[in-house]
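See the structures that follow.
Two complexes, one shared chain (chain A), two partners (chain B, chain C).
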Partner chain A sequence: MASRNSFQTPANRPSSSTSSVPSLAAVADPPPRYIDGAAMDYFVIEMVNTLRASSAVATARVKKVEKELVDAGLMPPSAPAPPTLKKSQLRDSIGSDASLHPVSKDGNCEDDEELRARLEAIGMHVGANMAERLCHERGLFSDTLDAIKFICKDLWNACWEKQVDNLRTNHRGVYVLQDNSFKPLTRISGWEGRAESLKRARVYVAMPAGIIRGALGRLGYQATVVPEVTVLPQCTFQVKLPKGS
Partner chain B sequence: MTIYSLYIFDRHCNCVYYQDWHRTVRPKTAVEGGMLPAVYAPVYPAANPDSLYGNRNTLSSSSGVVVAVNDEQPHTPLPTQTHSPIAPLPTPPTSSLPFDEEAKLVYGVVLSLRNMIKKLSGKDEQFVNYQTSTYKLHLYETLSGFKFVMLSDPNADSLRFVLRQIYSGPFLEYVVRNPLVGMDSRERGIDNEYFRMSTDRLIRGLTVFQ
Partner chain C sequence: MPPQLKLNAVAFVSPQNHPILIRTFAQGQDELKYHYIAHTSLDVIDERIAAALASKSTDCYLNLLYTMEDVAVYGYITPLKVKIIIALALTDSVVRDADVITIFRALHTAYRQAVANPFLKVNAPIDGYNDHATLLQAGNSKWRAFRKRVDDIGKAVGAVGSAT
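So, the complex of A and B:
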């Protein structure tokens, strides 16, 4: 996802007459391909809007079914339920239909939870595959810190063209990655004031959190990643790795 | 050369953005339903007049909250509201026309002239600017239907290049690539903090400004 201003397609490799297998070398070590950063941004914008609409439809459908059950007397009217079930068991991008969303004044927040869950699930697949690609020629990780450093340098470079600005750890499995100018957040700006823009920006760090989580997952580290935005465009990710890994 | 103001209209004939640097009379608040939200915070009709300059005010001090300068008096910029003057400032005169009327008139002029010129000279002719005794209006129209309209003093050279710079710089960066701004929305303008700041910086950085 490193951005360039134009697409780079695999060029026709000039076959050298001296080497007998020029094409094999090209296959084994392909030239890096890039995606246009602007095109990526447009895709992400559309993806978020589409998923928002689709998660609203899914939630409405669930609520309707619940209401029918309640009306038919098969289910007691639901008291305000605890927040959504763990999404970590999701294998695909569709949110869990069993999650209950209490109707509250903060209606936006509840819908956003579904949306963020979907985005994180997408990010996990993307991150896993990116990790496959980026790790294909390096050795094993010596320890978890090495894996985290890989995330901070190689993954960040590939996705967002820079490296993490600050890495902190408590040496007990919790790492905090801080990026002072996180690429997906650099252009987010609204007209209703900073607080409102901040609230809306939270959705756009869900997929990057998923990417980090997916990458670590594919490499064998089951982590939880919690993104946090306090000041645009700064963003921190808290990565919790389980004990003993 | 003084630059007075900038309007941006989209292809649905709505004014989606407004910014000014120098005006003799301040724009007047629009009527309810006359203008879209997210165009220009100070003239957006709010239900509670107190909230007009509350947290909806996206004008930071760098974006040019300009006080009115009367034609007869010398060109001394009065202190802005960020500095507290010793004596209370005289309130700048407000235009008698609400902002949405004003924007519609500007758009009407631009559209009519453009169509007339196309009829007169063929579809390859482009309306570029027109001039009156007090101002000059420059137009840059994109293929996507966005019209960038800039008003400046009558002695200015063509500012089309400035409008094109605004389009290819701040507009593409902070409007098209901004997830929070809907491009083809009929219900909102494109105002946002970064866009306002960067356009302001671009205009003020021009060698021909002021």
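So, the complex of A and C:
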């Protein structure tokens, strides 16, 4: 089984169970922890399915409460705006890393949106911590381009074992990162035809987009990241940095 | 005879110059004094950063910032703009840069491992760019593990000196 030196689990340190204090050198540069690469891929894929089921349950719960309110006459049977409020109050009970509640028209789309938002939130957390871990050895970033290059090389290497194939910029804060064989997408195949597969594949890039966004956020750049899949397994991420950074 | 470094205090400051954690190890010392030290260090750090940018250096270690009555203050900035400030008791023996850098890396590791905890921000809004709000509550219970790690580092410094 392949193993790779990525995904340092930022978990609890088990070491200080002994009575003596760990030596300074051990604490300063802890040995890297390894994780099985194939298992990781499997978990990430399964995570999407699990979260889909979970967010369906959460949405159903929210809708049920809404329906009760509507029936009790407390709420006019309207409009998209109230669902946003309701959901944000129930957010705590959902107990996840949070969800955004964009307004949308039909059922499926909404579920997918919520799933994508959750995946992106998870990705942001993961990305921020990966960036912390990877920055341990290196020095300061000289400018924005340096930060983007760090993402393209170090982060991509750690997460997906290759580097970005193509980086384009318009020198005004928009960067396009292109990966010709994006690792999460290489294993996707469907029997329904290309368009369906593309649609399904979109969900799987939500977490990587979150990872990039989280990493940039931790570095200090509030960016928006838009992933695009046109041809499997190629994927492009459009990163927009705010002006003045 | 390895020089015995004594760590008096540690301060972590967020990228927005808000204090995250200030921890003192010397008994009988006024904690407020170290708050003051950390605060004044911020100005010095800003100067050093500006100088570093001008000279295109990418070093994280900011070296000795200044000395006060009985402490020498060293600074370090992580690539993520979190500043770490430590106050070492002034000794006559030579303090090696390598030792101080090791201390800083240990502190950075402790910070990194503490911040990676996803349960710190379970109920936070998704666009967690108001990270800072959570960071500021570093005094309370959730950050206990972090404080313990920092304490361990303090003890390790005192006990070991430079056994590397």
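Brief remarks follow.
Convention: the second predicted complex is superposed on the first by the 183 of 245 C-alpha atoms of A that agree within 3 Å, B and C clash if a C-alpha of one lies under 4 Å from a C-alpha of the other, contacts with A are read in each partner's own complex, and residues count from 1 in each chain.
Just so we're on the same page, a residue touches a chain if its C-beta (ideal position, glycine included) is under 8 Å from a C-beta of that chain, and two chains touch if they have at least 3 such contacts.
What you are looking at is a predicted structure, and each value in this text was computed from that prediction instead of being measured.
By the touch criterion defined above, A:T236 lies against neither chain B nor chain C after alignment on the C-alpha atoms of chain A. Touch criterion met: A:R200 reaches chain B, while chain C stays clear of it. After overlaying the two complexes on the shared chain, residue contacts for A:S55 are found with neither chain B nor chain C.
In the superposition on chain A, contact is made by A:M124 with chain C only, not with chain B. Between chain B and chain C, C contacts the larger number of chain A residues.
Of the two partner chains placed by the overlay, neither chain B nor chain C lies in contact with A:T144.
In the overlay built on the shared chain, the residue A:P30 is in contact with chain C alone; chain B does not reach it.
In the complex of the two chains, the chain B residues touching chain A come out as 37-38, 41, 55-56, 58, 173-174, 177-181, 189, 191-195. If you check the complex, the residues on chain C that touch chain A are 15, 52-53, 56-60, 77-81, 102-103, 105-106, 108-110, 112-113, 115-118, 121-126, 128-129, 145, 148-149, 152-153, 155-157, 159-160, 163-164.
The residues of chain A lying in touch with chain B in their complex are 38, 41-42, 44-45, 48, 187-195, 197, 200-201, 204. Residues 10, 12-13, 16, 21-25, 27-30, 91-92, 95, 97-100, 117, 120-121, 124-125, 129, 131-133, 135-136, 138-142, 217-220, 222 of chain A are the ones that touch chain C when the two sit in their complex.
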